[in-house]
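Below, subunit A partners subunit B and then partners subunit C, in two separate complexes.
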Partner chain A sequence: MSETKWNVTLLIYRQKGSQSPHYDTFKLEVDPDEYVLDAVERVWAFHDRSLTFAHACHHSTCGACGMRVNDMEKLTCIVPIRDVTADGGTLKIEPLRNFPVISDLAVNMASLYAHMEQVGHRAVLPLSEEPSEPGVRPVAKAAEDDYIRLADCIECGLCISACPISAASAPYLGPAVLAGAQQHGLDGNSDLLALVDCAEGMWRCHQAFECTEVCPSNVEPGLKIMQLRQAAMRQRIKHLFGSKK
Partner chain B sequence: MLKNTNSPSSSNWWKWFDIRGRAAGDVAFMLNRITALGLVLYLAMHLVALGQLALGPGAYDTFVQIVKHPVFIAFELLVVAAGIYHGLNGIRIGLVAFFGDTATVQKQIFYAMLAISILGSLFFGIRMFTA
Partner chain C sequence: MSKPHVIIIGAGFTGVATAHDLALRGFDVTVVERGPFVNGTSGRTHGLLHSGGRYCVNDQESAIECIDENIILRKIVPQVIEPNGGLFVALDESDLAYAERFAKGCEECHIPYEKLSGEQALKLEPNLNPAVKLAYSIPDGTFDPLRLALAFAATAKSNGAKFHLYTEVTGLLLDGKGNVTGVKVWKRATGEKEEMHADVVVNATGAWAGQITEMAGANVPVKPTPGVMVAYDQRLVNRAINRLCKPSDGDIIVPQRRLAVVGTTSFDAEDVNYIPVFKDQVQLMLERGAELVPAIRRAKQRGAFMASRPLVGSGTSGRSIARTFKCFDHKESDNVDCFVTITGGKATTLRMMAEKTADVVCHKLGISTECVTKETPLLSYREFYALPN
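Up next is the complex of A and B:
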């Protein structure tokens, strides 16, 4: 934290029940090295206790605090204020797109969680199956068993909010779900193949790659969808030549 | 019952063209949509114009005089530019979808295709306006 103080204006999306959405303005003095979530929490603590938003871990593990900050999807617990505005600037805070708003900045992501379960995405898996991202110190392998780790995808929903196709097509599974299917693997899994190898699955993606741009973890959903397509094409070619697998 | 104004809906198609906060891949996607719509519109106009030619030699001569006007040539250049971009972006989409991890360099391929589109459009523009 620095001694420097910035004056910023928070323009926060508000919507309760069946009210029409509007924006409320809050002027705050902040440390530019604080995170955006800290500023939102301060609005709740000192200005308006009716502000609703989701958050939990404060260290990018739970994926609860995704919001749109100045028109870009951000995991607000790890984005310093100095990265998204300047002294005297504005922070426009809105809920994630493409999920129904429950109240203010909190959205209902039940459809994402249900689809992730449907494709068999594993939240915990062996390190050998999902290596650490580049730059992370490798862990020495245990004598017999592999270490387990939390999966890269934290199910924050940022990718679905940023995806232009998810905005206009409700049945589309979306980037996180398709990346989850790729993590699970298609080999010998005809049910999963049927679920993703269809018009509202991997073929609905139009390769805008906004999912990869906003992903705060190491998932690269856009790349995963392309890998899924290649796997599906391999399966189709195998079937063409009589393989039953 | 939740109010679903923020939910996915086919009426949100206009968000395809909202590039606030978006990156190169989304610009490529948006340009692909715009050029596709432009090319379809051109095809429809082209068929209507060809229908006029069936009215006889007089109609043909009048039509040729109209399309020699610089405004028409400028529109034709837009069609050429849209055709070049749309075709090259199609190649990019195919490469990225079916060739290994090409998705990791999709931005670089987009910039290269965009540069070729601009150079190609300039080439044809000079030819069309100086012929």
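Up next is the complex of A and C:
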């Protein structure tokens, strides 16, 4: 690790109440190995206590600190400054798109959480269903027993911010929610099928795959939406042949 | 008669758990928090659901609290917990010398344990250091910090509690005699200032507790004690892996989702608003972590962060302070009425800390209602957002 210091300019989106938005500039000396969130938190701690932003775990398990950094959706607690700018460079920090702004960098993600609840995304699940590394079989505790792990999706909202359809159509469920439905499974769940197999559900996706591009947590929402379509088609065909399930 | 109104300062673990307890006991509850949920110490935890094993030799009061609460949390909030257990592993002679005391401590603190040979431990966790000589299996677990807090907040909200985030307390409202009657707040999202009145104000600000009590001319012996944690991008183990030794730097690896987190260090700090991540401590975590699980060296660092434990005590420092908690009725300690501070403790004991705090609030107001949080399953954490405001 280096002891290098960089001078960077943070250009931060600001919005309070009904006032019109603007950008504030803060010049900071940073260690390039620090994370973007560390710099944002230092602006709050030492320059401006009115700066409003969301964060909690600082290690990518909670999904609270999503922001747009130089026009890309990032989970700011795990993005080293050296990956997104250079010495003397700028970090433009803006709130996620397609969510209402509470203030500055904090957005209201209530709709995402409510939809994830609606589609029954499981927050914890057996490790055998969501292995840690693709293709790696987990060591089971005992033959009939499995480890339980927290799901990959951390509900950070980056995919919804990056999705061109979410930008164009507010009622669209969005990548995380459709991926959540896929994780829950459509089998024998006609309510869930009705929710996702509709105009503002999985058929609205135009396969831009921006969601998969920005996902910090290996969910691959784009792929999951395609798998959800296949599952829905299977259900439709079953119905055609008289299955009531 | 209208319900008594309690304002809780802080939406960390203690604040949300106290809101849940008081709302269940029929109080009118308002939580004010200067940032989002768990933005201070609570969010920045490695997420270990303690079995108590870490404290069963040196701090048995904390160890017993941990195992009792561990069992309760598994029941009331399984939605945020990886209940996969943990190992205490001996790698050298000095660890082996600690083994007997550890087993005795577990028995004294009623922590269930199983003794495993090195071979058995490696079978369970193939990435362990192959030099492992002996291990004890204990019921550790992992939790998601934000979602743990949200589950308590959701249930509190369903019982009528109100949450004001991005709302910073700038002062306390006092009557002419120095007693607390409410809080002055600054709404960071809009810039507005407001006053809120209450029958009792609960200070649940953890490492920041001293800054709030100062506003009323009261004191608490809180010692902010930060430590570093480093996350790596591979899970590597399925159980929490502890070094079988006295609590020390880098003595634990906690798996979580697709990650593994190594913690931690322990030093004293004064201003806890921003604690830098010290690179030498990050390096130490890698070295100590690699002793337990050598494959850590092949993983990539994914995050590094600092959190300030709010230890209660004075005179001693860091590791030797007990990890138990304390609730202060400032009428007794400073002759300031209607003001209670809860601090210290651990994430694992949040429910118990809330129970004791709610007991103190009830006692102050002459109300006798039973705590029922042990038996009350929490709502889905997402209900906090799905419920109307």
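The criterion applied here is as follows: the second predicted complex is superposed on the first by the 232 of 245 C-alpha atoms of A that agree within 3 Å, B and C clash if a C-alpha of one lies under 4 Å from a C-alpha of the other, contacts with A are read in each partner's own complex, and residues count from 1 in each chain.
The criterion applied here is as follows: contacts are C-beta pairs under 8 Å (C-beta built on N, C-alpha and C of every residue); 3 or more make two chains touch, one makes a residue touch a chain.
Since we're looking at a predicted model, the values are computed, not measured.
A.B. asks: Once the two structures are overlaid on subunit A, check if subunit B and subunit C clash or fit side by side.
C.D. replies: Aligned through their shared chain, the two binders fit side by side on subunit A.
A.B. asks: Once chain A of both complexes is superposed, is A:Asp38 in touch with subunit B (first), subunit C (second), both, or neither?
C.D. replies: After superposition on chain A, A:Asp38 lies in contact with subunit C alone.
A.B. asks: Just checking: does A:Asn218 make contact with subunit B only, subunit C only, both, or neither of them? Give me first, second, both or neither.
C.D. replies: In the superposition, A:Asn218 touches subunit C alone.
A.B. asks: Per the contact definition in the header, classify A:Gly17: touching subunit B only (first), subunit C only (second), both, or neither.
C.D. replies: The answer is both, since A:Gly17 touches subunit B and subunit C.
A.B. asks: Please name the chain, subunit B or subunit C, that touches the greater number of residues in subunit A.
C.D. replies: With both complexes superposed on chain A, more residues of subunit A are touched by C.
A.B. asks: Regarding the shared-chain residue A:Leu186, is it in contact with subunit B (first), subunit C (second), both, or neither?
C.D. replies: neither
A.B. asks: Figure out whether A:Phe99 sits in contact with subunit B (first) or subunit C (second), or with both, or with neither.
C.D. replies: first
A.B. asks: Considering only the touch criterion stated at the top, classify A:Cys77 as touching first (subunit B), second (subunit C), both, or neither.
C.D. replies: second
A.B. asks: Which value, in Å, gives the least CA distance between subunit B and subunit C in the superposed three-chain arrangement?
C.D. replies: Nearest C-alpha atoms of the two chains are 10 Å apart.
A.B. asks: Would you please give the residues of subunit A that touch subunit B in one complex and also touch subunit C in the other complex?
C.D. replies: On subunit A, the overlap between the subunit B and subunit C contacts is residues 17, 102.
A.B. asks: Would you mind writing out the residues of subunit B in touch with subunit A in their complex?
C.D. replies: Within the complex, subunit B contacts subunit A at residues 2-10, 12-13, 15-16, 20-23, 25-26, 28-29, 32, 93, 96-98, 100-104, 106-107.
A.B. asks: So in the complex, the part of subunit C that touches subunit A is made up of which residues?
C.D. replies: 35-39, 42-45, 47, 78-84, 123-126, 142, 144-147, 166, 168, 188-192, 229, 231, 234-235, 238, 255-259, 261, 273-274, 277, 279, 282-283, 302-305, 380-386
A.B. asks: Sort out for me which residues of subunit A touch subunit B in the complex.
C.D. replies: 15, 17-18, 21, 68, 70-72, 95, 97-102, 107-108, 162, 164, 166-170, 172, 206-210, 212-213, 220, 222-223, 226-227, 229-230, 233
A.B. asks: So in the complex, which bits of subunit A are touching subunit C?
C.D. replies: 1, 16-17, 31, 33-35, 38, 41-42, 45-46, 49-50, 52, 54-64, 77-78, 102-103, 106, 109-111, 113-114, 116-117, 123-124, 127, 132-133, 138-139, 141, 147-152, 154, 217-218
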